[in-house]
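One chain, chain A, appears in both complexes that follow, with chain B as partner in the first and chain C in the second.
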Partner chain A sequence: MTSLPDEQTTQLVAGRLLEMADDELILSHRNSEWTGHAPILEEDIAFANIAQDEMGHALIWYELLRSLTGRDPDRLVFFREPCEYRNLQMVELPKGDWAFTVLRQYLFDTWEAGHLEALEQSRFTPVAEAAQKIGKEERYHLRHTAAWLCRLGRGTEESNSRMQAALDQLWPFHSQIWAAPPDYERLVTESLMPDLARLGSLWEDRVRTELSEAGLTPPGFGQPSAPLRDEHTEHLQPLIEEMQQVARLETEAGW
Partner chain B sequence: MRSLGSFVGVTMPDTQWPRFEVFLIEDERKPAEHVGSVHAPDPEMALLNARDVFVRRPHCEGLWVAASGHVLFRTAEELARDPVSQNGHPGEERRYLVFGKPNHREPLALAACLSAQSPEEALAQALKESSAIESVLWAVVSEAELTRSDRNDRVSFFEPAATKNYKLHAEYPTARLMKEIRQK
Partner chain C sequence: MSEITENEVWEALGSITDPEIPVISIVELGVVRTVRVDAERTVVEITPTFSACPAYQAMAGSVERKLREMGATGVEVRTVLHPPWSTDWLSDEAREKLRRFGLAVPDRHQGNLEGAIEAGQAACPYCGSSNTRQTNPFGCTPCRAMGFCQDCRQPFEQLKPL
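And now, the complex of A and B:
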């Protein structure tokens, strides 16, 4: 189907699209911070590409959101307050060292692989088509990130300990990835959006296996309950300030 | 490592990862072309780096990489000075790919594929068989040393490029918008 049945469903789908778009945008921004600083020139180019791809994916979701609610993507990105962002806490954490960045990208890419595959089954055609388009590129991201995971995890003692430290730091944030917004169940029942809890458990099984193959062990602790998407760490505000700085200097400027 | 300044005039040791030569198949009806090189710790990473460095946007149907140490390069001048001998390097019989560059404007493209016991022998054979072909530069690599992108990789490696077009600066409305703002 190409249109949604009623206003309430439209708002629910729009709410979830905003979460998905914000995840891509904030991760893209964090990744772009490596431009000019990645370990070697080739990786600098590769990772800048990935950051740009994630930005493109954010735009696909923001545009779909615009078609449902009329909200302008540029206004959403440059004129919202940090507390209005709905991204995961995992993606807003500072970029850390290369191990931290690789591990975060790996966790996000593996989640996206399953999430996008499920979104391709959505009865709402624009979502299914967007997921198919994004999925092609994400398969490449995952191959790139998984190659790094394995080489750093099984590389030297230092690379392994840095990866393990990154995992210890990121793991407490992992369960937020499948936390569903209020009334999301309705979208699952109507096959508009996938069951996040089911995807979450498949994802956790997969990453536990692959992390263990890379010589890494998730810590035995986590957050007692996943925070809501309107709760953020202290790291989001400086990121948003920097990202919005130029746009807010001259509100009528464009590009 | 000492600072770069103290090495002025001295050849820097290459502290980076090994180098891999990159060959690109723009279109399956055209021969593979040498496009440059990338640094990478191993062939899989070299293939991924090659994809990001060389084919984010251009049309491409396949990529090959080979460790630089396994690719024999010879310029026309070098060959004139020191001709390759066809039977000086006996080894295992392998399939070799020979690339030639007809002039400085055209690419170093696949010119012959033949069996030989060494890259030198493969080059000597190619020179003998195609003496009519002028080339300013030759490259020879054993097929066994190549790591190639898989046909199944095409969708994720090369298809997204089709929707990423270069946008000329004139297509951005920035200049016009800024002019309007200044006029106000």
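And now, the complex of A and C:
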């Protein structure tokens, strides 16, 4: 189907698209912080590209959101307050060291691989088509970060301990990735959006296996319950301030 | 009644080049998908190579300007994402132009994208040797990777298979 049946469904789909777009945008911004600072030139290029790709994917979801609600992507990105962002806490954490960045990107890429594959089955054609487009490009990210997971996890004592420290820091945030927004179930029933809990369980099995192969062990604790997407850590506000600074200096400027 | 035909639009769009690869047109690149002309409207559908292609907005702007220059009525330039762009769409002629420009193009993967990414290699654009290796799966733009020819000892750029 190319249009949604009613206003309530439209709002629910739009709400989920905003979450997906915000995840891509904030992760992109964090990765862009490595530009000019990555440990080696090849990775500087790689992560600048990954950041740019994620920005492109964010724009696809924001544009789809615009087609449903009329909300302008530039206004959404540059003129929302931090508390109005709906991204995962995992993607807003500071970039940390190289191990942290690589591990976070690996966790997000593996989630996206399954999520996008499921989104391709959406009965809402624009979502299915966008997922197919994004999914092709994402293959490059996952191959890259999976290689780094193995390289650092099974590398030296120091690289392994840094990866383990990154995992200890990231794992408490992992279950938020499959937490569904209110009334999301309706979209699953109508085959418009995938069952996030099912994808989450498949994802966790996969990453536990691959982490173990890389000599890493998830800590035995997590958040007791996943926070809602309007709850953020103290790290989001400075990120948003920096990202919006130029746009807010001259609000009517053209680019 | 518009006096411009669809063929004339295709021909005009064939004069617009990719700003970052000025040797082939956006028609040869596969960015222009459909052209529809009727009495009231001129609608062109275009698609990005990679989603984050920095040249895409420039291409969309060039299409719109070109249509207006031609005196087209009811100009509309739309983005479509399906079918997703593929390096397989590049014709042999386009591949040859890119090679002469110094940009290697991977062989057609015919749907086996994972296999093409795994192989990660393209023939050297300078000497034609297949004895090359990929030095970085990422490059100066989202659509490019970097390779090295082990015969003529030249580094080169290639399009990423997609």
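Rule of thumb we're sticking to: the second predicted complex is superposed on the first by the 255 of 255 C-alpha atoms of A that agree within 3 Å, B and C clash if a C-alpha of one lies under 4 Å from a C-alpha of the other, contacts with A are read in each partner's own complex, and residues count from 1 in each chain.
Simple rule for what comes next: contacts are C-beta pairs under 8 Å (C-beta built on N, C-alpha and C of every residue); 3 or more make two chains touch, one makes a residue touch a chain.
Keep in mind that this is a model prediction, so the values were computed, not measured.
If you put the two complexes together on chain A, you find that chain B and chain C bump into each other. In the superposed model, A:A165 lies in contact with neither chain B nor chain C.
In the superposition on chain A, A:R151 makes contact with chain B only, not with chain C.
In the superposed model, A:A46 makes contact with both chain B and chain C.
In the overlay built on the shared chain, the residue A:E252 is in contact with chain B alone; chain C does not reach it.
Shared-chain residue A:R143: touches chain B and chain C both.
Within the superposed three-chain model, A:A14 lies out of touch with both chain B and chain C [touch as defined at top]. 42, 45-46, 49, 53, 136-137, 139-140, 143-144 are the residues of chain A that lie in the contact sets of both chain B and chain C, per the superposition on chain A.
Residues 16-17, 38-42, 44-45, 48-49, 51-53, 56, 155-157, 159-160, 172-174, 177-178, 180-181 of chain B touch chain A in their complex. Residues 42, 45-46, 48-50, 52-57, 59-60, 63, 129-130, 132-134, 136-137, 139-140, 143-144 of chain A are the ones touching chain C in the complex.
Chain C makes touch with chain A in their complex at residues 48, 50-54, 79, 81-82, 84-85, 113-114, 117, 135-140, 142, 160, 162. Contact residues on chain A toward chain B in their complex (touch as defined above): 40-43, 45-46, 49, 53, 136-137, 139-140, 143-144, 147, 151, 250, 252-255.
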